[in-house]
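Let me give you the structure first, and then I'll get to my questions.
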């Protein structure tokens, strides 16, 4: 494959986050995005356990167990930070005050339905955390995921078969192969990486895809990561 | 009449407020109760515009326009005070965390319905403020009022004719003539002042009243204000 | 760099459109953003719906906005006060629509808007005239009314100190409706006594995080504050006492 | 004199009855009232329903309470964690009932209990498995689920500092569920690092006013705090780093 690595993908997502945005990075891969936010831009990170203005991990020796992120990792607070309780924090989210939230996914449907909290396996211990709140809470919900599962199945689907996290909530899907916008007409290829075309992506996903620009309909000329 | 003056009544109410109680004194006559709370007891006053631990009025020259009570009068804050916003303040009230609230009344019904916000006159400008929240919010709602209107009509009634503030919300009614508990069987005379008896109170109110103690059924022997 | 500060109150209220719903903080005069209201009067928007606890005191602030004929409707809990003569006159003349909301329901409905709650059941007002037209429901044996969020296009809020991210701390009971209104409006405009450096506000005391704020303007300390310290010397309306300012400041040790 | 302080954690948790619903603050280990949970284990109450964001980490705190077989049911958002082996084992063995609640709905339902809200409509969870059995309603074109308050007999909360009236301030993200749980329980029991004189807490920073607190017990500063100052020298679980404590304290300038 000639697409983006996980780290390049994180950088690609970071490039779409404007200065001044209030952003929640979900646990797991989305936390990588923080490493690529330009240092000269002020972007305010929200962590749903009660902090706006989250900074990077502290040095060893300066870990503060009272100051953690939603993944329960030690973090720091930047000048301009504010603490609040859980009801206020999720009010912020549910009330639509966050600009962007970046989440992982098991599946995303053409309509933007998201499945990322349970594989529905019998005997699995269910845990949802803030996933359902995040899914419906931000002005834009970005999904960061691989296009295919390890078994080669598409994570972009006509209908999710895994239990849903939220209905019609995803705005955009970033994968190492392409970036897709969720539109009323289905998924639209916003940008294709490597040698991908709409046709090659349709073959991988089994979906009918729209093209954001004419050149995507034939071959992606652009270098991955540019926009 | 041989009942209590307004000020004696305020003292009588204050005597029923135990140490440690969280209390909201409504605007108007109930604010007089604060003057009679024993100085050696700690009673925490709530004002619904966002303060617990309200203290007395400041001296002239030390008035702080940012620090007012629900009647928009200058107050002070005691050591141990806390400020909060209106949603938290009324959550405190609606959530049943206040022990006692003392309110004025136009009418109280036998069932404890309260009318104290509007006389329903045509052309009058309606204003409710926190009255309806206070009426349903405290564990005990005390009413402080005259037994009779200036025209000699009873404020204790079978059914309120004025617009209601709250339904079945009053616990006890303090008047200069007697103290009444609201019970499932109607009003019970808890204490009668001066020469009042249940019979004389029944005559004034036109209601059938219960007696809390046998002696009330004949003549009140006790001095007003004792308990 | 995020910089929500604007140079003056005119810039702060720029763009408020005719027909807007405008929340105005404050309880009586405490926390009322008088300088922003003055700027709004100057700016000229009309046909407004004003959401505020009161409907103006004296001839300043909300009262002045009403007197200018800019307001079509008032949503509030307590319009009638000893000094609400402007509201009283317009209401009696049929020139103002009034939606009367019990104070706690007003606060909770504003909070619900900011917190993305679709509606909620409140026990306040059950069985009263103000329950008319509202859905009633009994839950666990208690009667409740269904109450809907109150949203606004613009909130005008007065806080004590703010920074360029829009973080705010309030002062005493002037906090009142500020935090919930800031979260309930599409555009939140704040006046502060003083702007401070980013990081100067205690993150444990920030009652409105900057996410809820769009514009901040410094209007200077109130007369009863001197260099960040309470000095008194005013009446409850903030007007200087008759004694000379010097003696007032000197006498204000508490 | 109002004095809600108690001398020890045993006294703090006295009287908690079998079958109680107990809210336990904390998000992971941050703000988890470990000393109070230890006292509750010692106290012996069983058949408990525990309401908490998580269902225990490692072998301490909530995990220890579960391991002792005291808990019948857990109401939480995120039981499954890398170190939730105690919960995992009991759940798989069918020895624990689980009510899974999305985190924001959990927080809002707890807040609703404290604020006297009968029920509310939340958009979270619409169209998912967790909507099963819940009333759905469309308001202004958006779908919502009816969510009910979660009340408790007892809340166990960890705060940073408190006074004898029960006023509390928290520290950083350890605030999490403390303020809303304190308001949602019949009896609220709080452990603080330090008790301070009445009046020593800034009334602008009090996140839980004493009205919501029944008992307060001081348990001493966490290892990463020294005389009220952050010194570090621990891992994210609060365990001392391998270096010597002296060098850790000395190195903790930030």
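The chains carry the letters A, B, C and D, assigned in the order they are written, with residues numbered from 1 in each.
Assume contacts are C-beta pairs under 8 Å (C-beta built on N, C-alpha and C of every residue); 3 or more make two chains touch, one makes a residue touch a chain.
The structure displayed is predicted, hence computed values, not measured ones.
K.L.:
On the document's contact criterion, could you list the chains that touch chain A and likewise touch chain C?
P.N.:
Neighbours common to chain A and chain C are D.
K.L.:
If you tally the C-beta contacts, which comes out ahead, A-D or B-D?
P.N.:
Higher C-beta contact count between the two pairs: A-D.
K.L.:
Averaging over Cα atoms per chain, report the distance between chain A and chain D in Å.
P.N.:
29
K.L.:
From the C-alpha centre of chain B to that of chain D, how far is it in Å?
P.N.:
37
K.L.:
In whole angstrom, how far does the Cα centroid of chain A sit from the Cα centroid of chain B?
P.N.:
Result: the chain centres lie 56 Å from each other.
K.L.:
Find the geometric centre of each of chain C and chain D from their Cα atoms only, then give the gap between the two centres in Å, rounded to an integer.
P.N.:
About 34 Å, centre to centre.
K.L.:
Got the chain A residues that touch at least 2 other chains?
P.N.:
77, 83-84, 87, 90-91, 93-94, 137
K.L.:
What are the residue numbers in chain D that touch two or more other chains?
P.N.:
108, 111, 115-117, 122-123, 170-172, 203-204, 207
K.L.:
So which chains actually touch one another? I want all the pairs, not just one.
P.N.:
A-C, A-D, B-C, B-D, C-D
K.L.:
Give every residue of chain B touching chain D within the complex, in rising order.
P.N.:
19-20, 22, 42, 44, 46, 52-53, 77, 79-84, 87, 90-98, 137
K.L.:
In their complex, what parts of chain B are in touch with chain C?
P.N.:
Residues 47-51, 58, 60-68, 72-74, 77, 83-87, 89-91, 93-94, 113, 118, 123, 125-133, 136-137, 163-167 of chain B touch chain C in their complex.
K.L.:
Over in the complex, which chain C residues touch chain D? Could you list them?
P.N.:
108, 112, 115-123, 137, 139-140, 142, 144, 148, 169-172, 202, 204-205, 207
K.L.:
Going by the contact rule set out above, which residues of chain C touch chain B in the complex?
P.N.:
Per the stated touch rule, the residues are 27-31, 53, 77-81, 87-88, 91-92, 98, 100-108, 110-111, 122-130, 143, 170-180, 207, 222, 224, 230, 232-238, 241, 243, 248, 251-252, 254.
K.L.:
How about chain C: which of its residues touch chain A in the complex?
P.N.:
1-2, 111, 113-117, 163, 165, 167, 183, 197-199, 203-204, 206, 209-212
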